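Below you'll find the structure, written out as structure tokens, and then a few comments.
Labels run A, B, C and D following the written order; every chain starts at residue 1.
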Amino acid sequence: MLAVERLSRHFGGLRALEDVSLAVRDGEILGLIGPNGAGKTTLFNVVTGFLRPTAGRVRFRGEEITGWPAERVTARGIARTFQNIRLFREMPAVENVVVGEHVRTRATLLDALAHTRTHRAEESAGRERARALLALVGLAGRETTPAGALAYGDQRRLEIARALATRPALLLLDEPAAGMNAAETEALMALIRRLRDSLGLTVLLIEHDMRLVMGVCDRVAVLNFGRKIAEGSREEVRRDPAVIDAYLGRRAERRAPAAQGAGDVVLAVEDLRAGYGRGDVLHGVSLEVRAGQIATLIGANGAGKSTLLRTISGLLRPRTGQIRLGQVAIGGAAPDRIVGLGVAHVPEGRQILARLTVEENLRAGAYARRDRNIEHDLAALGERFPVLRERRAQPAGTLSGGEQQMLAIARGLMARPRLLMLDEPSLGLAPQFVDRVFEVVLGVQAGGVPVLLVEQNAQRALETAHWGYVLESGRIATQGAAMRLLGDAAVQRAYLG
Amino acid sequence: MTVFLQQLVNGISLGSVYALFAVGFTLVFGVLEIVNLAHPAVLAVGALVAYTLLSTLGVGLPLAIAGTLLATGLLGLALDAAAFRPLRARRAGPLASLITSIGAALILVSAAQRVWGTEPLGYPPGIVPLRFFSAGGVTISLLQIVILGTVMVLVVALRLLMTRTRVGIAIRAVAENPETASLLGVPFNRVVAFTLFLTSALGGVAGLLVGMLFQGSVSPFMGDTYGLKGLAAIILGGMGDITGAMLGGLAIGVGEVMIVQYLSSSYRDAVAFGLLFLVLVIRPTGLLGQQRSREA
Amino acid sequence: MAKRLLIPMLLIALVAPAAWGAAGATVTVGLAVGMTGDIAVYGTPIRNGMELAFKRINDKGSVHINPILEDTGGGRDGAINVFQKFIERDRVAAILGPVLSSQAFASDPLAVKAGVPVVGVSNTASGIPQIGPTVFRVSAPEAVQIPKSVAVAKKVLHLTRVVVMYDNADDFTISGYKTFVDELKKNEVQIADTITFARGDSDFSAQLTRAKAANPQAIVVSALAREGTLLLIQGRNLGITVPFVGGNGFNDTNIIKRAGAAAEGLIVGTAWVPSVPSAANLAFYDAYRQAYKQEPNQFAAQAYTGAQVVAEAIRRAGLTGTEPIQVQREKIVAALYTIKNFETPLGRIGITRDRDVDQQRTYVAMVRNGRFVELEAP
Amino acid sequence: MSALAALYAGYSSLILLAGVAALLALSVYVTLMAGQLSLGNAALAAIGGYTAAILTRDHHVPLWPAVLAAAAVATAAAVAIGIPALRLRGIYLALATLAFGEVVRAAALNLKITGGALGLINIPPLAGFWQVYGALAGAALFFYRLERSRVGRAFAAIREDEAAARAMGIKVTHYKVLAFAIAGGLAGVAGALAAHFAYVITPAQASFTEAVNILTFAVVGGTSTFVGPMAGGVLLTVLPEALRGLREERLLLDGAILMAVTIYCPNGISDPRLWRWRRARR
């Protein structure tokens, strides 16, 4: 059905895809997994014509479609959904689906104006089909709701219905279960099976929720750092050590000296609810970080880890619940105030200011401060991160991924925070940099600043931290001493299902 | 040859006036990614305030400049509070703020009409340093030099402000990524307000200078023609780029006078904007600009 | 929410005319003048001139006229709206205005259709009275004035070679330019170069440099007051020493006020100078300065004249305001034709058979020590 | 009836202007439908106006053929500026179209055939209530159908998310140009009709101010359905007349209303929620 041959895609220095070959067989459900930044979505984008490959070819039903524009690929029979839902938010649900029928309909502007039979026929038939598809994905009764107003899970399903409307032979699903609760995921699995069995579709899906992957996929392919590291049946893949490493992270060479952090509470979160649009992402989360402690928050993608951090740092307003820094209630305060009070948030994907120089990034980090010691701290960080000192005059955008992560952390420290929150610091980094990142984290804690660490590399995170929280679809599933959690099966489950 | 040189001088001096406008546009666009069409009006108000200070109250030039800076600066704050901040709160698109800035411009101009009337005004002769230097038939006035100098100093000063100072870095942080900036403790609204204070204050003084350069041209509408050319300049120079704005302004100024001299005075604007259109089509982000991160 | 405040206003606008319409036994005259936007530079003196005239006339008491003032703005749409309002809702007997010729071409046809007399006081483009049988004007097209100024200037300055500059964004200055060219040709003065600029410009150094490069004996300019002032100043600054010969737009004492020394030696042809030797002018001049604390200019004088002419027509038609409106309108039209050799600030004028002004005497003035003084050919 | 007739007699030109304003607003709206912001529509209208005026005045062509010709010419011009639109986004596109407008204005100012600054005068008065509102009704029907058609949905999809639209197989470039073409046609018709009840057309028709006015009609009216731009056009044309009482403050009020509407009713005055809210308060 689909054959990807020695595909590479580079962004500047970053090799998002490197020499990947993959075959999707007729009528199968193939799972594509791998840690964030492994290149899964890039592969989708190349196949569907949103990106041109740097090298390699894509064939669909024997026909070479390499470098075709997206609309042409769709017309030929490949449909996709997006990782970050891209619905037409203002339109009613049913309209979204009808738009999907665009390539399968012919009515021109003139038809519409003259209100010809073609037009009327297509319109009525189109709506019928759209309703049917909505019913199929379980959205019957929601036809007239604006897409943007639907709950998160419903939006994911609507995107599938919209993709189906293009009458594809091959369906590409990008993290269809992200943000869904267990029940919804079950339903989704059933749906995917039905698509294959009754509609005869071939499905290629990216997913982090292993219950789903292991539940529906005939075969699984694994990407890591842009390369395919495994392909085969669920069982083969599950047992493959390379895969387990990629997910849970390799054991560290040397165990980190974890000073017991049992000081008084620095950050306390109580029964926090928050989310975007209609639905909540966090359903009453409580956790705390103590002085001298590294607390880590782990869990599958879409579990709500980043949302939690964003709520703490004020980017997102809590709906209910308490957030206290020391004795001060900071829930719902403006981000810049919260930073001023001493919470530094190093966001996912680093978010360094590419057009500013390294030094300017650091100075920006010190914005909330008024004291005289900024220069001193700059020098100190220069000692700690020699790379940054060397590169201080060049635009931060020119740094490598690892260096950028260092900069992001250093920038956070420039605020002299009482608490440092790190979101996926090792994301997409080469192994040697991953080690470096965790060293730095330990260094920070040693320097007396408690850390709240969100990590996908659970193994390393738990090895480094004193206390761990496992977040599962917006709720704390388990918590405990990091050491204990390391052995816990719940953790395995959360990641590999 | 003399003619060419004289025209070059004319072009540069005209260009530096455009540049004065353009810098204001480009600063606001750089931070908010909106085109502030009220800027020309602010500039006119500046010139008129200066007129009142110089003619009616008869204060000296330095005091007048200070007064204008303050007055238009505050106007800038008001502008932000009334026209832009409510939209930011709602995360409205650039189109909305374009419209509100037009509304603000209407209000400012008509208010100015009520206060200062519509008759073009001129600063009292004594104020303006009327000195001329001639060399080989080429005449240049002290004022032209002053204005060109001002523009250059302004650009250097702004670049320093943007790279060396706490607030400057904050402004650029906001310009590149408001969310990250706020995570670093940068108060978005305050930074934006400061930017508008700054640009409007500068705009006011620009108005004063233009009013001195073109004696008897001070009126609520004086900004109109230069507004469009200022926009042209920042497109040419790449939106948001300060140096680009200056170069763009100079380029357009020189271009225009050369068209007048060697092509046809009637088609000056046609040619100028025609070229502009082409530039945009060939190089969508201007001659000097590079694709902006948040755009598209 | 905006809507809630609009609807009442709309209602007011719809109802109000009825109230205005009932203005007792006086003849209603509409004054269509642009007073908002940059057009106000001309609109203000014109309004002043008209209102002053009617005030004095009503005081005299031989006729009773109720002038209604409406703002047309600077565009044609505004003019159209005002004319329609005058004709259909206020049911005026006659209209004075509008300010710009381009507006007149848009609005006057409405009046023609309704048989309402229109008297233009500032429309100088050719073809205005030809719009229709009820369109008159008292503003002498520059065609009447420029020949004289060119002839005189030629004699005084011994002109053989000039540069012509004009504002090609304004019909008033363009018609002036055309006449200049014709007359210069007639007088065998060579035109070394023709350079344009646009209404609203502030920087003329490029054009002036080019003009200077053609080294003429004089620079003939057709421009409006604002641009004229800037031209004079910048010309002198660029070291241009030859005299400027200006069109009608230069005929404005404000130019002298603002251009100061740079205005010295400027020669303008004009329908009016402060020194017009007529009782009417003296009266007007003093009354205006008294009423508005400033020098009148040509626009004010012509507006005053226009008002005077309309009032005179009403008097000759013997209207009281009680007659049916159509009758009033017809009689005024008829009476306007009868105006001949009539004493005004512009001197003695009359209305020709094709409804244009017949101004016996136009003037050539030169700026000497800060005043317009009449210039006589040697 | 006679009352109506009298009302029309007293306001016909205003009513006609309102109709044209609505047409122009629609011409901006159609590009906005496809997520394209154009400031060139005034120029397009001017092009249409000049074309039609020349035909009817100098070559005695009847109104409708002339209007069609005007639409055709304006459409051609619109496509010419629509092509670059494929490379430009948001504010850049707006500025490019603005530049186009200035070129047209400057050209009209200097060309013989357009009559220079005075423009074309003595244009035969061929457009009245039925012509203008006939055209407007036609346009309304056009949009009513368009918005409920495959093409209209394609526009909306592009406006909301270009990438997703492409993923649905929509030929984005094709539809963007189409939107510009329709805009050109409408503007052309509007300009042509305006010229035939204003008796004159001047370069000012292509000015930046005009362009901004037209955009304002659409935005103040609201751009969620075609009703908004029409309402906006009518309202903002009648407004100055309604505010005539407060002569000097007119511009000031215009400005204030622009700001108020943009800030307080983001979806324009045609936003149904606004009206529900009002009834609720009664």
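The criterion applied here is as follows: a residue touches a chain if its C-beta (ideal position, glycine included) is under 8 Å from a C-beta of that chain, and two chains touch if they have at least 3 such contacts.
As the structure is a computational prediction, the values presented were derived from the model and not from experiment.
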Shared interface partners, meaning chains that touch chain A and chain B: D
Third chains touching both chain C and chain A: B, D
Taking each chain's C-alpha mean as its centre, the one farthest from chain B: A
Chain B and chain C, separation of their C-alpha mean positions in angstrom: 36
Chain B-chain D separation of Cα centroids, rounded to whole Å: 30
Separation of mean Cα positions, chain D and chain A [Å, integer]: 44
Touching two or more other chains - residues of chain C: 36-37, 168, 198
Junction residues of chain B, two or more chains touched: 110, 113, 266, 268-269
Two or more partner chains touched - positions in chain D: 109-110, 220, 248, 250-251, 257
Listing of all chain pairs that touch each other, if any do: A-B, A-D, B-C, B-D, C-D
List of chain D residues in touch with chain B within their complex: 37, 84, 87-92, 94-96, 98-100, 102-103, 105-107, 109-110, 208, 212, 215-216, 219-220, 248-252, 254-259, 262-263, 266
Residues on chain D engaged by chain C in the complex (per definition of touch): 6-7, 9-14, 17, 109-110, 116-119, 121-122, 125, 198-200, 202-204, 220, 235, 238-245, 247-248, 250-251, 257, 260-261, 264-265, 269, 274, 278
Chain B residues touching chain A - in the complex, by the definition given at the top: 163, 166, 169-170, 172-173, 176-177, 179-188, 293
In the complex with chain D, residue positions of chain B that touch it: 29, 33-35, 37, 82-83, 86-87, 90, 92, 94-96, 98-100, 102-107, 109-111, 113-114, 228, 231-232, 235, 239, 266-270, 273-274, 276-277, 280-281, 284-285, 295-296
Complex interface listing, chain A residues touching chain D: 48-50, 69-72, 74-75, 79-80, 82, 86-91, 95, 98-100, 102-103, 105, 107-109, 111-113, 115, 119, 122-123, 162-163, 166
